[in-house]
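The same subunit A turns up in both complexes below, where it pairs with subunit B and then with subunit C.
Now for the complex of A and B:
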């Protein structure tokens, strides 16, 4: 009750202050974890390190080939865009950030990352990882940022089914205590079916909403039921299990287009 | 106090206590009675006072063609709406009202409370709209009166601020609007016609109007706010409206004293209507409609002929194609028919389904009825010969001409059909007599509706009889009337669907009625009304068919020829008076394959130029050919390498 009666300015300051004071603690523990990982790696034998190095080298070689292929495709896309006089899609700068804290309880569904204003992270920026969309930056502090996960029921985005172009709504479904977080999809056309568990429809970002670029994986539809209006299905979306063990994510910061001469 | 006085007061006190106990007892009994026996009634009263019901429409069922292709479906209509009952919105209304009052007072101006409330509400809605405008790059403004009317009459329904969002706009709002915002994306549905104007008359259209809640929906006694629903107004949409309509959805809300939602008590989702499958084959339908197009030299544009075409499955009498031109794009009728669209549809005659409402003299295809009547009346047989000098002179001196002015000379019955010789049938008709001719036409079902499962089939067809003419024109029947009637001219009027049904009857040598627009299961087909015999022997029937084959191979119907397909056909060119002159109507009826008839059809095209020739063989036959070609392309087993049905060249 006393908190409710306090002036807004004070509450706002207290809230911000809490994060700013809490941040060093979280950051320190994050660095300590990194140090622990480093020393645990130091305990590995030379053979283990040698094998790890070899597999890393193989992985690097694979990525180098993939990077070359990407360059070729990018050049091809640029050529076609030029040919068709299409506007170029906005470019993004990727800011890789370590995850400081994961808060997957039934209330929050968010993570805190180790970059904030110091790296120019903006509020609303999409956050991705190798498995697709992680969420969206909801708060930015001096050295940390809070990212609402895609399982957060305050997060909504426009998605399409891979291979289809009809936009539908995706919203985080939160999670029951001790249960896997899920997502909820709405406005799913009724011709969409889940044929079998092996080939479930994959939801990807539509790119039409202006926040997320197109083609990022969101999850897989695992259950459909009749929607409220009787015209669409509602669906339950299974999210990438790796979201629960994120250690690094990439914040996509849109590069503003160069002003025309 | 003395003892007597004390007693006196005590007595009064006791009386007072007694009265008090009686009064309290009465109250308690009353309360108890209401609690125990009338609580249900009072609960109901409270419910009626503070519960409201919202009724929402169900999406209509889909309509498919015989091969399961979607002809009519639903498409979502996305709108941005404001939920007026949201506590934030209501608080904003009050806040804005206070600001406006303060401003007016500060300026020392008088104001009307109602007007300020209207302004406050509109201002708040405009604020929300401005947010959406910013997100979508629009510059929409709020209509004050609309907001006010909505709040007065439909406070529980969301108020649309932007209608018909594009996919991109829908996506932008999804990602930009906070989940808990009172502004949300709302979805309703509207009819969608992927084939646009194709089969527009058969499919029909819907119109939207405020729903009348179904009986049996919960909360019948509550104040109800109903959304708009759609109802079939023409064609299949009207005929099968009950099937296509789903079950309405309903929500019951507890509302506050201002009428805004507080708590949802009950919700039943709408259930989509049942789908139906038509007998139409959209490929044949499209081929026919495409064949209706022609290049108009005067305007140098592609135009549509005016007319109709029907193709039936001979065995089940399912309608495979039903064309009526001019038509209209069904997508122009949804979500509502604008005045402009309605005017256009009305002015060009597009509202009339000519296949079942157009009444035309059948022209020469009617000679097959004359032949049947003559064969049954024994006034003609296979070898009955008449001489055609190119004209026929009545006893009165009146002369009627054959299409071939030089005459067909001597012809027997099948040759008369092949050459469509008017003189042959003038003589046959006169010998058979009007009574036999009329009786035969009526027996073949040409005087009655076919009973097809489509609305508004006309019942005004005319098979003239002596009595009919006497009643209608107060005149007797003349020989000239009989000769006209025997070639399908004069008073007779039939619909193209009747002629297609008649062609199917000739194909089967049975009188068949009641075509179906629905795809029939084998069981349903077996349960159809049994056909009647035509009364023609196989030999007599073969004379008609021979004449029709010859017409298709050598005569006026030869433009219908489809390589490898044996076809029996009969063209015609009828005339109707118009604007002091006449226009001609191009007809063709046909069936194929001859040995085992599968399809029968009728096509009519209305000539547009006064007193100009407009032959059935030239204009109607190519359309029939296009329909048959499409049917055969899908059923190549109907083709023969060497057609067995043919007639020898003369």
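Now for the complex of A and C:
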């Protein structure tokens, strides 16, 4: 009862204090895991390392070409924006961070990453990985940040189906044991069908709401059912299976636009 | 100089923290299969059965607050839930034969289920009921109960062993008290 009467400021200060007290232990364990990976890589034979180096070189070559293409597209977009006098879209800086701890249970799904206030991570920043959206930064501490995954029930975002511009609503659907994380899509137009299970509709971010830029993959529509009002479908969204074993993510930090001269 | 006998809660809380650390590591690797172990009941059980009320509260409170700082619930929710369960177990401990391993195990399992229920209630209250599914909840509880069954005795023996290194013999103190 006495706890309930304590002022919020005290509780907030105590929460920060207790979090920062245990944070170095979690951080150290993540560095130890990195060291384990390093030493396990050291046990690989020279042939294996040579083959890995070769495949990395091929990947690098592919990425260099893609980077050049991106530069060309960006120049073209900038030219058209100038021509049509469109407002420029927000620019992001990517902060790559290692995952310190994965906290997935039946109640919530979140990860702790190894960058916090020391790298200027803001609360609410979108977090992505190679498979698309990871989630959103919910807490920022001195050297770590907490990221809520998109499978969390309270995380909602506006999505569209790739190739279709009608907006829908997405929210996390919780975790499943021995299965991929899931989400729920609402307000799906009734002309959307899942005819081919191999080629299911892909949900991407719509860019509305201002948190996530447009075009980031969220998941694939797996099952449709009649929505509550009868005018739309609700759908089950299959999220990327790699979300459950993330080791590295990228935090997207918006770069403030330069003031016009 | 701090008297470790009078401040045995420091040793017990450190032991609890070490267990939480290993639990965090296990859960990190188990996340890929969607199972999470939950062993708070084991910590509560040791503090409730082996320590006095004040020492028990002191050993549990900092650990609960550390857990609280990492959960999305309001800060203090875990502390209140755990202290309530701890107090119930402490009041009822005179009715069980504490030196019997089975009664310690039963207490740990019951407290773990109680804490799990408190977390589920908290998730419904603060995070919403929509994302709670029966299968993962029951899987997590089943896995946690299994781990408590396997490791409860080892945990109790380790904690008692560490205390005995510092000259605190819990079994002898309990005999003298009787």
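One rule holds for everything that comes next: the second predicted complex is superposed on the first by the 250 of 261 C-alpha atoms of A that agree within 3 Å, B and C clash if a C-alpha of one lies under 4 Å from a C-alpha of the other, contacts with A are read in each partner's own complex, and residues count from 1 in each chain.
In the analysis below, a residue touches a chain if its C-beta (ideal position, glycine included) is under 8 Å from a C-beta of that chain, and two chains touch if they have at least 3 such contacts.
Predicted model only: the values in this text are computed from it and were never measured.
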item	value
Partner contacting more residues of subunit A (subunit B vs subunit C)	C
Contacts of A:3 with subunit B and subunit C, given as first, second, both or neither	second
Contacts of A:153 with subunit B and subunit C, given as first, second, both or neither	both
First (subunit B), second (subunit C), both or neither touched by A:197	neither
Partner chain(s) touched by A:26 [first = subunit B, second = subunit C, both, neither]	second
Subunit B versus subunit C as contact partner of A:231, first or second or both or neither	first
Partner chain in contact with A:18 - subunit B first, subunit C second, else both or neither	second
Which superposed partner A:211 touches (first subunit B, second subunit C, both, neither)	first
First, second, both or neither for A:103, with subunit B first and subunit C second	second
Footprint overlap on subunit A, comparing subunit B with subunit C	153-154, 171
Contacting residues of subunit C [partner subunit A, same complex]	17, 21, 24-25, 27-28, 31-36, 38, 62, 65-66, 68-72, 75-76, 79-80, 119-120, 122-123, 127-128, 130-133, 135-137, 139-140
Interface residues, subunit A side, partner subunit B - complex	153-158, 165-167, 169, 171, 187, 206, 208-212, 226-232
For the subunit B and subunit A complex, residues of the former touching the latter	56, 58-59, 74, 76, 167-168, 170-172, 174-180, 185, 187-189, 246, 249, 269-272
Sites on subunit A touched by subunit C in the complex	3-4, 6, 11-12, 14-16, 18-19, 21-22, 25-26, 29, 101-108, 110, 138, 148, 151-154, 171-179, 181, 184, 244-245
